[in-house]
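Accompanying notes for the structure given below.
For clarity, chains are labelled A, B, C and D in written order, and residue numbers in each chain start from 1.
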Amino acid sequence: MTNTTPLPNDLQAQRDAFHAELQDMSIIPLWLNLGAAAQTEPRVEGVPHIWRWRDIKPMMLRGGALISPQEAERRVLMLINPSFDRKSARTVGMIFGGIQFLMPGETADSHRHSPNAHRFIIEGEGAYTAVEGERTIMRKGDYVTTPAWKWHDHGNDSGQPMAWLDGLDLPFVNLLDANFFEDRAEGDSPQQPIYRQAEDSLHRWGRGMRPTWKEPARTDLSPLLNYRWETCRANLHALRDEVGSPFDGIIMEYTNPLTGRSPLPTISAYLQLLRKGEHTRAHRHTSSTIYHVAEGAGGSLIGGQEYLWEEGDTFVIPSWVAHEHWSTGGEAVLFSYSDRPILKAFGLFREAFAGQEG
Amino acid sequence: MTNTTPLPNDLQAQRDAFHAELQDMSIIPLWLNLGAAAQTEPRVEGVPHIWRWRDIKPMMLRGGALISPQEAERRVLMLINPSFDRKSARTVGMIFGGIQFLMPGETADSHRHSPNAHRFIIEGEGAYTAVEGERTIMRKGDYVTTPAWKWHDHGNDSGQPMAWLDGLDLPFVNLLDANFFEDRAEGDSPQQPIYRQAEDSLHRWGRGMRPTWKEPARTDLSPLLNYRWETCRANLHALRDEVGSPFDGIIMEYTNPLTGRSPLPTISAYLQLLRKGEHTRAHRHTSSTIYHVAEGAGGSLIGGQEYLWEEGDTFVIPSWVAHEHWSTGGEAVLFSYSDRPILKAFGLFREAFAGQEG
Amino acid sequence: MTNTTPLPNDLQAQRDAFHAELQDMSIIPLWLNLGAAAQTEPRVEGVPHIWRWRDIKPMMLRGGALISPQEAERRVLMLINPSFDRKSARTVGMIFGGIQFLMPGETADSHRHSPNAHRFIIEGEGAYTAVEGERTIMRKGDYVTTPAWKWHDHGNDSGQPMAWLDGLDLPFVNLLDANFFEDRAEGDSPQQPIYRQAEDSLHRWGRGMRPTWKEPARTDLSPLLNYRWETCRANLHALRDEVGSPFDGIIMEYTNPLTGRSPLPTISAYLQLLRKGEHTRAHRHTSSTIYHVAEGAGGSLIGGQEYLWEEGDTFVIPSWVAHEHWSTGGEAVLFSYSDRPILKAFGLFREAFAGQEG
Amino acid sequence: MTNTTPLPNDLQAQRDAFHAELQDMSIIPLWLNLGAAAQTEPRVEGVPHIWRWRDIKPMMLRGGALISPQEAERRVLMLINPSFDRKSARTVGMIFGGIQFLMPGETADSHRHSPNAHRFIIEGEGAYTAVEGERTIMRKGDYVTTPAWKWHDHGNDSGQPMAWLDGLDLPFVNLLDANFFEDRAEGDSPQQPIYRQAEDSLHRWGRGMRPTWKEPARTDLSPLLNYRWETCRANLHALRDEVGSPFDGIIMEYTNPLTGRSPLPTISAYLQLLRKGEHTRAHRHTSSTIYHVAEGAGGSLIGGQEYLWEEGDTFVIPSWVAHEHWSTGGEAVLFSYSDRPILKAFGLFREAFAGQEG
């Protein structure tokens, strides 16, 4: 549309009438909407953002005083990307992050849903998650999975409050119009029956072996309930003398032992060590990531803006926004999760970095 | 939140202040937004809708008089679901449908994009699509693929206008923030060079064999350029004495000969024969479908409402809305495409029908 | 064992006694048998060989006079590699080839077996093979599959004798101790009931589509009954202007439309065009191949020895023996099949050619 | 061939001449060899057999006195099935087992081969295996892999002799004519350079995570060097209260963390606990197994014959031979390995048990 000569009034009027009629028919001419179809590069809707633990924690305590457990049902603070509607449940890309608190004596009743979920423990120790007859007592830094449509419940039998970061593919499942939720049946116990020992799934699937007499129904869902902080951190430390990734340092992905792939089909999760003085190279890629600072402090340059972070903070990097990370004053460990498996499943994952092209 | 006793003014005010402060932090308490997270069944945003050929065609002719080819660039009428924003490019679910007209002598220059595309020919004969050095002359009823990131161009060397239904996974790729588009380089010919004979890909991949000396780079993209109407219709007729699907009659899915799966990784496409007097059983499922009437007439009951259709019409059925089909006055053939591969990739596909449960 | 000094008689005697005792225990010291374990390159047991049609055909006619159909049960001449025992059923590598004649009026009763089988028609026209309720009338050059454990039967209702090359993975299945065979039940008809039309499987699976309401039980077995000579030859001719494979000319592999892989899980089959004057480069690989001359004449240099061939001849090239091919006096078409899928399944396939190394 | 009337001398003579001529042509009539092709059930060549540790160990000590390390190169006693030729290297089915001794100060120089190998430690502690720059100090009960074509070497720096059971797919690779072997290059150190810490592969791949910056070249080969006895035994004990497999008790398969499948593509390996008083049900299947008694004592009924076993013994069960196991005087732990992945890869695995059929 290089012709910018004003149209005769008459023609313009006819066009306006024509377009209005089309709109009434739920038809939009491509020539009025080319941008929606043809984009040189993605127009990313989400923006980078950081939520600081020092801000969140006091709000949650205040919430505890203002809202009773019965009213809250679950004390989750949903982290919603500033550029999205609250109903979208989008923290960034296709994933959701929320901070959940569980006070001493509180429980979350057994239920299941088609979205996949996991949690990364921020503070406290002693609450449990139960899935498929096994209960795991959670501790700071643990990565705990509750895959799609598996019954799960939580409870805090300890004397201290616990806080964790909930991760879900909720925006994705909502956009696909495929979100189902089921509460325990009338009369069932609020907590599922426990018929497995502690660490059962670890021995059953996570230690280099598998029982042969019972296959899991779905292999794309990790059968491991808890990826322990001490183990995962030790893995990172064992590889600390490697060069590692130029973009991420010593970064390891949590894996599903049934397939070697991500624990949840839609969400990949990572733990990464930024060594003392390490500053990674910038890159960008078509996947969106939620980061949580598990240990130490540092900063990230995201889309040209600097974000400094410390233990407990949560921040997001949208698709195709350039980013680099560094540690400050020693080592730092970042937990992160991403919608990358969705993009990879369809050949939509791209990565670029300076010096790569040209 | 069963307690509906009015709160003391004071407490309500404190809560309001608290929630407002949270909102300023881009935090939404789950207790104010439970619906976004926990849904017994999907809350489907899209609605059923039908676009009639007898309405569309005259509008396009009118458009031809009002908008010059240079202004239009491409004469596509985007079918946008009445419940979605025009910028969403969503016809239903994760897929887009648009009616494209190509007048005698018109061309669409070579370009490529990360969304996958296909077209189903509605009217006319003689225009071509070119992909990877092969040109196919298209005819009514052909199903033609232009998979992700492959250069393609169109042109109408015939003396008659052509119309087709464009199908893309555009909403999905947009939502994933992964939409890339590339125009031919400055100085390149608007049409790609043709170095393969007509029907090359058919002989190369589509007739029970494959050349061994050159593997396609991506096996999830169909190497077949054109699935011919006569062949596909003959397939349906060959199976016409089968019972077929209770929900769809004699329904066949187009396949990628490299994998036996859908031609495009995100979109499955179908051709189905509703025999004289056939009326299918109702079912519903978590995938969204765009239907196009290729031959004959009939009707569909969608979410309790009847939609009568005839050749050339296009209609949509959103996820989890019950539907049944019938032919009227003889046989009917429906072409359709769906976002089902996306749901299946992550275990999110569900189907239900009366009598199944209970 | 570089020490070749003769041992004291005494020590040698002690060793001999020791080794004899071990042998009685079914134990062999590795130091007496190093060759069985450590080989720089494969010690291939089979040898190249050619069976000429002009020799085979008269023998079969002679057999017809000497052995009644009742005595013969099936008139198959097993082509056994000169270096293998007849009980091995090994023509070369893990595959078997045999020439089967079916005289007018003769039948082969319905049966099934765990070995996979196919046939390539050498002469005649009009006999049928039936699999899963479909009968195909076979013609010269057709490639017909009867996959593992599927009921099949043959019959010659035509007035002329037919001959074909049977291919099976019989040596492989025998070596794996997994060969099962089942005859039709007492009282069942010798021919299976036919409930599908001619060319049913072609329309159902082989023309770019698949019915959605019924999945085959095993996707690793081709559902296509007959890959027709005219179609397959036309495929080759459509690609004749390509450079093709330096080692094989215009070579195409038959494919299973459910997976894009070989029609039978253990046997890959090929049709290749050697153009007028074409002489391929030498290479060798760890897979064994049975060739049959479908059209024309030419020659092959196999392990340094020249084998000239003409229509109807069958010859074999064992694993890791260098080979090159040429046509003589015009074009030639070779049908071949190989145990390559077995080697590929476990990363055991290797290929080498002059100029590749160093 | 029901007609047993003697043939006229003349006809018999003609037939004999005919058959002799065919044989000279490397052709065997199927009617003389029906058994090789059509078998109701597998004709298994191998036989059950047991090699007792109390017999093997003294022989090895005697060998140590009679054969110098230089002469022996490697002190391996090949366990060859009584019904196979020594050159076959077949212990049972497609797998090999041999007892290797490594005396204090001895080494096995670095080399690689296309057959896959593993070892299970029988006695001693302190020798090492090195693969890909990592050395593992082996202890009784450890399961150690050296996958296809990976450089490996062994050495015994401890003061005590070590003995282990070597397992290879040597018969299979030999039969496929695909056995390659490479010694370290002239001038290279007999031991490969060690550039990884002890237990590196365990942290890198075996503890629920994987580094993202370096993918293994082949995912079908386990990257884990050593599956430790204490861990594996603990896995069994953690599941001891399960019902387990009716045919095998508490049986777990070693897994490749990259895929969840067998550590080596051709060989699956297992550890199984027979609890006090446990006696398993009989079954049979088309896979061949080598068992080694890791702990305790018991017996097996194999093909109707009883074999009693105790710690250190090795026994074999061929394909399709019925078997059941029991412990005696307490618990027993069996290590075993099998060619089952080969059969499963091609749909040739079958299992049967009493009561299943009819």
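Everything below uses one rule, namely that a residue touches a chain if its C-beta (ideal position, glycine included) is under 8 Å from a C-beta of that chain, and two chains touch if they have at least 3 such contacts.
Chain identities (UniProt): A, B, C, D = Cupin domain-containing protein.
Just so it is clear, the model here is predicted, and its values are computed rather than measured.
Using the contact threshold fixed earlier, the set of chains in contact with both subunit B and subunit C is empty. At the interface between subunit A and subunit B, two copies of one sequence, more than half of the residue numbers in use appear on both sides, so the contact is built from largely the same positions. In this assembly, D is the chain whose CA centroid lies farthest from the centroid of subunit B.
Separating the centre of subunit A from that of subunit B, both taken as means of CA atoms, is a distance of 29 Å. One inter-chain figure worth recording: subunit A and subunit C are separated by 52 Å, centre to centre, where each centre is the mean of the chain's CA atoms. Averaged Cα coordinates give subunit A a centre that lies 44 Å from the centre of subunit D. Across the assembly, subunit B contributes no residue in contact with two or more other chains.
Chains touching one another form the pairs A-B, A-D, B-C, C-D. Against subunit A, the residues of subunit D that register as touching in their complex are 197, 199-200, 203-204, 206-213, 219, 224, 227, 231-232, 234-235, 238-239, 242-245, 248, 250-260, 270-271. Subunit B contributes residues 1-3, 11, 14-15, 18, 21-22, 25-31, 33-46, 49, 51, 55-56, 59, 62-63, 66-67, 70-82, 86-89, 93-94, 98, 111, 113-114, 148, 168, 170, 173-182, 218, 220-221, 265-266, 286, 288, 318-320, 339, 342-343, 345-350 to its touches with subunit A in the complex.
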